[in-house]
Every structure is written in structure tokens, then in C-alpha cells.
């Protein structure tokens, strides 16, 4: 480069001008980052969204940023003030669930409670729980009726089998995911990082229990019905184009509260607790009742049992 | 640099030609553009514009993907005779076959991309930058082998054509190992794709060890069908000479592969229907309908009929060597296998659902348009590649060795 | 006051609940003797290993409690007979093997009774139920029958049997289910030929 023939004074003036210019761009960039653009989101948020790391790779600070960003997004999308947390699993807890099919009357109260608790899209047709009406004496799922709608339940000669994610101990969905967007947490819940999922739906193919569901459209939730207590891996508002499923109400159960389905069930057919606690109800069921699991022969080791008494 | 000149000359060759050539390119481009606009619609509104559902969560896109991986793998049917059995006549057309492999793999990859719910998150798959679940996830394997196959089928012909372009002899010891690699790799791409389906005990229709062999057999039937027709078109519209012996060999391979394929279909039907249990529900749905639902039934019987007619033609020597009958058989086999291996494979895997529900699937106009756009794009890629390959193979495209101020 | 007169008052009270009982009481000469207290009631100790359970109180939910309000002024009659009273007297429990005094204490109507004539507080009604329904009672004691409220973790709080089961008619009545599941937006549900379009009342053939 040719030596600059300018005087020192002139050079300083140029330096100042350049510095001011860059500063101006910086300020302008910062200001524009903060302007709502991108579907209501600021450019900064949209940028951070795109480059958001996998759940397991985020530092604590990055996670905090992400949680706040999710709260901001919910405000824009649903005009709702939510809080998003990342409650860690409890030590020495592995969750297990059992349903007493002699008690289930087929009300579907659990289905509805789940929809409300977990901010499921009211029109995207995702329901984590599906109750099957089965013929007495017949355990063939192909003879089940998913769309039963009689005047009253239970219908004579039928029994009811609610099905949701089995939180398998050897989950085929976890193996299938090409980007590790789904994995099993230490407390046994198989979770999905909704901001990492690419929507290939291979996990849905792999699941033997039809427990995984896809957001074909943007989930629609009325503002006044949004549940504001959310968890990053649980019921925080999810975007379009990703897979989701029952997560044992992670936002509740990690704080000791019952999952919404269990709380809603009027007959007490649902039993939930810590498999590692020998005094828990779930352990009592496993040790004293004739339990069975669906599709036992597939070796998925569900943590969801059924029994009758 | 010579390589730069090679690329530029190649590109120039691709975009020069007769009026008919340009008309062909224009038609393809229009279809591609239409497909692109419908895809934009899909990106705007989400996959809800397709006919897929939680019940049938893979459909027309993945059906085409599975079929096209087979076509891509079938390029190896030219590579093996050319390099292992030293068939000079086939060696002359092997690079055209590899061009077809490139087009087919590109189409396959595109079909997966348009099926994604979040294509903006594709970078999540990049190893180290994202999280690549290899070796556990079969889909991760598929991404790996398809990308590798694409690279191999671009690199090897690039090398060979460059040396041809320079009028020099390529280093056999250097490229032959890669050719061998490509042979095994071709089998692997289709086996991995088969494993993608067969690894799921949740889907009894696919959960059979026979799926891998079925995929290879049907690939080796549908691939040559396409190659035979394409080579004849090339023979007709270009100055490129394709020996009849090439066609005869491919037709023979196709005949054997079709017979094996139909034997496999028969084996599946017997095994599932002799003592019919719940695991046979999907095949029952496909061939006989289930609980009043039978939208795929006419399609599969049609496909089976086409395949049977094709194999009969191919098994009769005088018919197989007759150009007209051979072409009929090729078209029938191609369409028949496209139906059987596409929608006839993917959709019944989801019917009934693991919870016993029967929910049918019909592709929407968005899916059909995007698919047409991708096929047109693949054919366009192949056309351009073949144009350049033929010019170099025929010696029309050569690097001007002496660069003098007076050269043109 | 003659028995006849107290009966008339009860009949009158039947027409006007609550306040009438208080009025009646103030006229009643049948003052209660020393009423039993909580210390006199029995708690079931049959499952020493069962975890501690807090039972959701039931008495606040009982409209007619305390029963003494009326029964103090009524001569207890042990004769097994058909009754027509202002509260549940139709017993759809036990298929003819039970009547009121099978479970309600004869002398102290604020309490229930066990087979051993021990007093049972109405907030611990499960003790009485368990007398016949022993297996169910054990399940309940260990938390696998009935309903746990509040959290899955920590102190257990469960409902009493009578929270869900009306002791005089314990069978759970059928009720309407919530809506069937929807299908994906833009797609239609097609029912197969083995299923009714809307309702399934169990009458179709397979």
C-alpha cells in the first residue's frame, strides 16, 4: 500500500470520521435489532432464534436469554404474559404411571385437562392423550374406537384404555431422531427440544404407541386460556413444524405437583409417582397388581402400566 | 487454469444447442418454477397444505424419495460391467449413467428437504456445528451416504472427463479404487434407505428383513428401465452412439431383477396371508382394503399387473430384444415399481396406526406440484450434465493445448 | 313431651329444613347425655406399614350434619323397617343386606359403627367401608384406589370413600363423555363400515 501522504492532523480527522461512522452503524444496528420486524419479533430475537443452540449445549446464561426470548415471543404471538422456566429434574426420581382400567369410565376429562394445561393448539388437532373404547374381552387395538361419542359412558360391554406417551426406557424415537432433538432426561421423561426439531417426523414413524404429534399448522390458543406457567421442555408455546408429545407435565411434576391428567381424573384411575421410592403408589401397583404394558414384546420398556382390579 | 476452463467450457456446452434443446430446457424450467411457487406456499402456510396427518405422517414426498434412491443406486449396474467385466460398449455410456445417479440423488435429497417441517433448521444436522445423531439414527446414516454418493458421482466423472478434455489418459490406479467404492456405496445407499423403514418394529408392514433385498431388486429393475429409455433418446437426438449390446445387457439385468422382485412380493403375500394375524393388517389394507377403506387397492393391483406384463415381455427373448416391446416393458416396469415402491410402500406402513386407527391419505395439489417441480429439476440437471458429458466423450470439447495469441 | 308431639314437630320440620330443626331442638326435652368425642372413635390400625394418609374432611360437605340436630329429639328405633325420611333412606347398597343401622351407630347418630360396635367419625368413614370391602380398603390405604389430591410427592392427602361413593347408593353413575378427538385441519374423518357415524351404543355386530 502506498504511504499515506496526508498530514497527521488530516489523518486524525479521517480516523475520527471513520470511528463515528462505525459507531453510527453500531448504534443503528443496535436500534434496528430492537425494532420489531420479522413477524413482530425484533431482528435481534429472530437472529438469536435461528442460531439457538441445542438445549444440552446452552450455557446457563444462554438458557436464561432463551427463556426470556420465549416469553417475549409468547407476548407477540398470543398477547399473553407467560413465564418459562427450566426446572431441573429432582434427584433420585424416575417417574412411572399406571392406569386402572377398571376405574376408567371413558370420560376424556384427562384429554381436556391436558389440552388446557399444556397449551395445545385448539385447532391444530394435537391431543397428547387418546382414549380407546375397547370391546369387553378384546385387547386387539384394531377393534378399538377412537371417536366414540355416546350419550353416556361407560357403554355396556366396553372398557376404556387411555393411551399417551409411554416414556419408554428404551425409546425408539430417541434412536430415530437425526439431530438428537429428543432424549430421555434423568427423571425418565422423554423430552423434545422444540427449538431444535427439524420436523422430519421420523420419530413419529418409530413410535409404536402413536404418542408423538406434529404441528401441521401454527398452534392457536385463545389468550385467556393460555397457561402461563411453562417449562422449556414442556408446555411453553411451540412453533409450527415441530413434533411434540406428552411430557408427564414436566412443568408440574418436577415441582411435586400431579400431572394434569391425573388431577383431572374424577375416578382416581391414574396413579403416578417415583419408581425409585419403595413406598410410592406406583411401586405398590407394580408389586401387587396384575399389570401389563402395551406392546410389551417390542422391548421398548414403557414406564406406563395398565392393570385392572 | 485448465480446470477453470474445463468448467466454463462445460457450462457453455450445457447452454448451447438446437431450438428443440432450448425448448426442452424451457419446458422443464417452467415446471420447476411452478413447483417452486407451490413450495413457497407450503413454506408460508406449513405442511397443513399437504394431505399428511398424524396418522399418515409420511406421504408422497417420501414415496418419491424411496423410489429415487433406487434409481440412483442402479447407476452401479453400468459401473460394474464397465470396470469389472471390461465391457467396452458399456464403458462408453457409464458416465451418462453416473449423470443419472447425480440427478436422482439430488432429487431424493430435495424430496426429503421439502418434506421437513423446519427446513430453516437444516443446519442442525451438520456434525459438530449442529448435532448429528450418527451412528444411531438411520436418517443420519441416509444423509451421510446420500451426500457421499453425490460427491463420488460428481468427483469421479469430473476427474475422468477432465482428463478426456485434456486429451490425456486418466490414472487408473488413482480412480479405480473410488470406482469400486462407488459400487459398494451404491448398494449401501439403498440398503440404508431400506433399513430406514425396516428398523421400525412399530410398523409391521416394513419390519421385515426382506425389505432391503426388495429395495435392491426393485431398484435394479426400475433403474435399467429408465436408463434403457434414456440411452435410446440420447442415441436418437444426439450424435452419441449407444450400442445395442448395452441395451441388451441392461434388459437382461432388468429381466432377472423383475423376476426376483415379483418373487419377493409373492413371498410377502404368502407369509402374511397364510396365517393372517394383526401384523398383516397393512398388507390386507393395501391389497384387499380394510374396514371399508380401500383407496390404495386399485393402485397396487394396477402396479402388480404392469409388473407382471413387463416381466413376461422381458422373459421372452424375442420380445426382450425387440425395441418396441422392450420399451413398453420399461415404461410398464418403471411406472409399476414407482407405484409399488412409492405410495404402495410408504402409506400402508401407516395404515392402520399403531393404535389400530384407519385413516387414509390422499396427496394434495401442492404435493403433486412440488413433486413435479423436483422431477423436472432432476431431469433438467441430467440434461445439462449429459450434454456436457456427451460433448467431451465425443471429443467435441477439448482443451486448447497451445495457448497462442492467434488461437480462437 | 309425648312421643306423638315430638313426631309432629319432626313432620313439621320436614317441610322447613334447618331452621325448623333448631326450633325443634329448643323445645326438645331429650337432652343428649354425655356425647362421645373424637377420643371415643376408632382409627383403623390394620396396615401398620401403609404410609400416613391425611383424609380430606367430609363433614363440612354433609348438609344434615351434625345428625344429632334432629336425632337427639327422636327415640331411636332398632326395628328393621322401611323408612321414609327427609334424607337418603333408599339403600341401594348390598342388595338387601343392609339398612341404616348397619353402618350408622344406634345411639350416636353423629357417628358410624363397625362390626364391633366401635364408633367411627364420619371423616374416617373408610373404616366402616373397609369392614366389608377389605381389599378395596387396603388398596385405598396404600393409595392405589380412590384419589390423591394436591401433590404426587410429600404428604399424602386422599379423599374419603364417601367423597366419590354415596354410601347409600355407591355405584358411579354414567355421564356424558367429553368430545371425541378432532382430525387435522383440512382433513375429514371417515368412519369405517364397522363403526357408527356418531355414537357407539354397543349394539352393532362385529
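A, B and C label the chains in the order they appear, each numbered from 1.
Going forward, a contact is a pair of C-beta atoms (placed from the backbone, for glycine too) under 8 Å apart; a residue touches a chain by one contact, two chains touch by 3 or more.
Just so it is clear, the model here is predicted, and its values are computed rather than measured.
At the centre of the protein atoms shown, by the Cα-centroid criterion, sits A. Ranked by how far their CA centres sit from the centre of subunit B, the chains are topped by C. Among the pairs B-C and A-B, the greater number of C-beta contacts is found at A-B. With centres defined as mean CA coordinates, subunit C is found 40 Å away from subunit A.
For the pair subunit B and subunit C, the distance between mean C-alpha positions equals 71 Å. Each chain gets a centre from the mean of its Cα atoms; for subunit A and subunit B, those two points are 37 Å apart. Residue positions of subunit B touching 2 or more other chains: 48, 53-54. In subunit C, the positions touching at least two other chains are 183-185, 195. Counting partner chains per residue, subunit A has residues 125, 130, 143, 146, 216-217 touching two or more of them. Listed in rising order, the residues of subunit B touching subunit A in the complex are 45-48, 52-55, 57-58, 112, 115-122, 124-125, 130-133, 136-140, 143, 196, 199-203, 278, 281, 349-350, 352-357.
Listing the residues of subunit C that touch subunit A in their complex gives 51, 135, 139, 142-148, 150-154, 159, 164, 172, 174-185, 189, 191, 195, 198-202, 206. In the complex of the two chains, the subunit A residues touching subunit C come out as 100, 103, 105-109, 111-112, 123-125, 127, 130, 133, 135, 143, 145-158, 216-217, 253, 256-259, 262, 265-268, 271-274, 279, 281, 284-285, 288-289, 309. Those residues of subunit C lying in contact with subunit B across their complex are 183-187, 190, 192-195.
Those residues of subunit B that touch subunit C in the shared complex are 48-49, 51, 53-54, 290-293, 358-360.
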